[in-house]
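Several structures are given next for inspection.
Look for chain A in each of the two complexes below; its partner is chain B in the first and chain C in the second.
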Partner chain A sequence: MPSSTTPMTADFFKAIKLDEIDNSFQQELLDNCGIDLNTCLECGKCSGGCSNTHIFDITARQVVKLIKMGEVDSLLKMDSLWTCVSCQLCVDRCPASIDIPRIMDYLREVAYKNQIPATREQVLVFHELMLGHIEKGGRVEEGFLAMEFNLKTGDYFKDVFDPGMKMFFKGKVNPFTPKMKKRDETRRIFKMTSLRKG
Partner chain B sequence: MSETKTALVIGGGIAGIEAALKIGQSGYKVLLVEVAESLGGVLEKLYNSYPRYENPADLIKYKVEQLNECPNITVMTQTKVISADQKPNSYLVKLQNKSEAKEVEVDAVVIATGSQMLDVTSHGEYGYGHYDNVVNSLEFEEILKEWATNKDKVTPPKTVAFFKCVGSRDRSKGYPYCSKICCMYTAKQAGVVKEMFPDTKCYVFYMDYRAAGREYEEFVRSVIEDKKVKYVRGRPAKVLPEDGRLLIRAEDTLRGMPIEVTADMVVLAAALEPSAGTKEMSNIFPVKTDKYGFIDYETNEVMKTGERIYYAGACSFAVESLGAMHQGGAAAAQVLALFNQEN
Partner chain C sequence: MNVAYFPGCSLHGLSRAYNSSTHLVCDKLNINLQEIEDWNCCGATAAHSLNHKLSVSLGARNLNIAKNMNLDMITVPCAGCFGRLKTASYELRNNPELAKEVAEIINAPAPVEPEVTNLVQFFTEQVGLEKIASKVVKPLTGLKVAAYYGCLLTRPSKVVAFDSPEQPTSMDDILQVIGIETVNWSHKAECCGGGYAASETDIVVDLSGQVVESAKNAGADAIVVACPMCHTNLDTRLGAIEKSRGVKYDMPIIFFTQLMGLAYGYSYRQLGFRQLLNSASPLLKKQGII
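== the complex of A and B ==
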């Protein structure tokens, strides 16, 4: 967006050539996730009801629009990818039942695969830790997850006393979560689908 | 029963045909007057109809066969209504065809003179009349017919762009109203092009698409989703020649960015206005008209616009063929009720 310091000659609104749009990502979404963005009515109900839209740099509808306009490269650098918490409010309300959280997930996967840095590193750290837990034990051990997260990010006492301890005394957090049966099954799933290198 | 009453139906489009048929089949005399050489009106010019891609020629053929079977109906083509004198319970109407003038006394009149497309040279920015490949939607129907008959010989256009609301919803040009049917026929035309030439790109520039009708919304969605016609929200601002093709400038208002697209053909969905015939009839007969010249209705009455004068079809406002046919039937019901009461 233009600001007061940008030179007046900058080409911010250079016309997009409609007939040169690359729609391969839209097709990729259809092939890999079964999501047809042509069904989008562009009504904006997803963005209007989004629980996190106040901290998004582009709204959910704009995410869909950018994919349709073939602007995936700039989309992958957007903050919204990492501020979306996949709360499912958008898809729940979408009249066309477009699974936006799945799109967001897919975009994060693509960004991760192509080593495009996440605008919110901590979100990525959290994602990795949480998935690591599931891979290892089949479920998330909240206490340990929080601890590992704090160690990784260097903010050692984040959430420890409030709400951490409070929740512990109320029995909401169990540090010793029982392990799941058939853990090798989940590991197998991870082996088949993981994007992690090595 | 006293002497058989006669109704005059002016206009041989689908609305007029339906009105004439229903009055004639009920046992009254009908004069169906059409200015052109054959019946069918605008419908005859169309390649197919929405939302079921039916061939309008079949419908006209079916109706004309019924007309011919009915002895009460006299069809007069290439005939014009010149003047009309109002008598206490009838009209004395002067008809003129190529060779002779004729005066008839009729007990009721149904006006079904239809509407016409705005002359889009009014929108100089689109270059209609200057560039060969900028056509209005009615001309494009002819092109579709031509493409369909010589499908193998035609080189398919790479890109076709459709502009909606050319004139309609345009206060500056004096047409603040929505012409109602353009959204649907534009979707149909774009869908037909995609059906004929799947590799052709179709862009429809719209402000919003208005698909209020049975199967209409589903129809437009199927054109977007199944036939892959691209809908772009924004009213094009300019058409420029570029290497023998046409460069279109607009804003995608959903993206908030200016866009450009190069097309081989631009189809303008022009506003509908009362046809010349409709304007003439509103001068000849004592009817009500609105500020645009469309025939206006009498409050609390169905298809009635003046003393013993009824109307049907697009002369009162833009209407799709099915609606015009329904209106023809409704106008006939009014005429029949009037005649039956007086016998």
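== the complex of A and C ==
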């Protein structure tokens, strides 16, 4: 007989009450992306194949489980959103073909739209600068993008000497990339798909 | 043979050697690469990471231009651009609601054609190994390399539908018919770290380091790639990889079209070998190729 001071199992493991789970996000994924998480076999092959699971705070398999349990808030703040390399190994190994990279993209998009801070700010800075290039000029100029990135992050000398200078002297860097002409067309695309209005 | 050609930003920038060698090799194979007129950036990781509709729309505009050029096939040398264009094309075919929205966004009908192929795929499926072999004037015997495909030439297999997603052989086949020996190795289709080159360099050094280590252990003298991102990550970070692992790998990273070009009789200089940070010259000289 456990004494009255012995902690009960219920104190460690909160019972999952199925009728109290909020599965609205699971439904949202099905409606917006056509991804049905009910087909998950819980085999863990997604995490097994994942390129970066060794640095993920929440692994691919846990992402699927947490969506089913309605724990979306922690997913929108997780570090894995900003370290996933989109290598497509998880979806390819999944016996149910659950498109986890698309789920990661969707979560990131929701986080971005709601201005939830990225745990790796510099990743978001790089994405935004790159999209800025495309919006303004239709194409990306790698050398200028790298310079802007250093200015924006304050890490002014990152990669400047090695490999930057080596690349310059080998003739790898091209400051005169051909420009796109009909830039109004890409601007229109950006305007019409803009997530953060105003 | 006419085909629409989508070079992408990198092939006009850091990976010009891939662009020039592709053009030279295609000349020899009588392939007329018609660059998609006034193409825009595919959006890369940045677009699909933050905005799905934007990513598909950027791809759709390029597909639409190619369609209006009356070409039924596009070939894309960059695995990253290939992945984005292929995904856009897949989404437009399979998601009529999205296709309708995209049509409005790009102010043109959402194109379900033309067919998008990567360059390795185009060479093996459309040109054929026999024709590739027939143009060889100098077989590159003595070279032992690891053919590195990276993530996006073969994945996601449902969308790409080309070769084996994790143990592909098509680039090995091309290299073999021009006289090169390719090794069996574990990291053929693992990730190099992709778009994190500048923003999360540690991830690139870690993942690319595993790729280089695995190629070296399999006995390769060079890694051969078909993607400018794989190339940039491996070539420019080799120094950092060697430093972090305390090993000197001595591993040139070469575009597969550069090696095809050598076998077709073009010069080291014409093929842009001088732009590689880790020179391939000692290796090629040792084998009497240059």
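Here is the rule we use: the second predicted complex is superposed on the first by the 175 of 198 C-alpha atoms of A that agree within 3 Å, B and C clash if a C-alpha of one lies under 4 Å from a C-alpha of the other, contacts with A are read in each partner's own complex, and residues count from 1 in each chain.
FYI, contacts are C-beta pairs under 8 Å (C-beta built on N, C-alpha and C of every residue); 3 or more make two chains touch, one makes a residue touch a chain.
As the structure is a prediction and not an experimental result, all values here were calculated from the model.
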When chain B and chain C are modelled together on chain A, clash or fit: fit
Touch check for A:Asp184: first (chain B), second (chain C), both, or neither? neither
Considering only touches as defined above, state whether A:Asp159 meets chain B (first), chain C (second), both or neither. second
Quick check on the superposed pair: does A:Ala15 touch chain B, chain C, both, or neither? Answer first, second, both or neither. first
Between chain B and chain C, whom does A:Pro101 touch in the aligned arrangement: first, second, both, or neither? second
Inter-chain angle, chain B to chain C through the CA centre of chain A, in degrees rounded to a multiple of 10: 100
Contact breadth on chain A, by residue count: chain C or chain B: C
Regarding the shared-chain residue A:Tyr112, is it in contact with chain B (first), chain C (second), both, or neither? second
Contacts of A:Asp57 with chain B and chain C, given as first, second, both or neither: neither
Which of the two partners, first being chain B and second being chain C, lies in contact with A:Thr39: first, second, both, or neither? first
Quick check for you: in the superposed arrangement, does A:Asp73 touch first (chain B), second (chain C), both or neither? neither
Shortest CA-CA distance between chain B and chain C [superposed frame, angstrom]: 19
Contact residues on chain C for chain A in the complex? 9-10, 12-14, 16, 38-41, 43-54, 57-58, 61, 95, 104-107, 151-152, 155-158, 165-166, 190-191, 193-196, 198-201, 203, 207, 236-237, 239, 274-277
Per the contact definition, I'd like the list of chain A residues that touch chain B in the complex. 13-19, 36, 38-39, 42, 65-66, 69
What residues on chain A touch chain C, complex-wise? 34, 51-52, 55, 82-83, 85-89, 91-92, 97, 99, 101, 105-106, 108-109, 112, 120, 122-123, 125-128, 130-131, 133-134, 138-143, 145-146, 149, 158-159, 162-163, 166-167, 170-174, 177-178, 180-182, 185-186, 188-190, 192-193, 195
How about chain B: which of its residues touch chain A in the complex? 159, 201, 203, 221, 224-225, 228, 230, 232-233, 249, 252, 254-255, 257-262
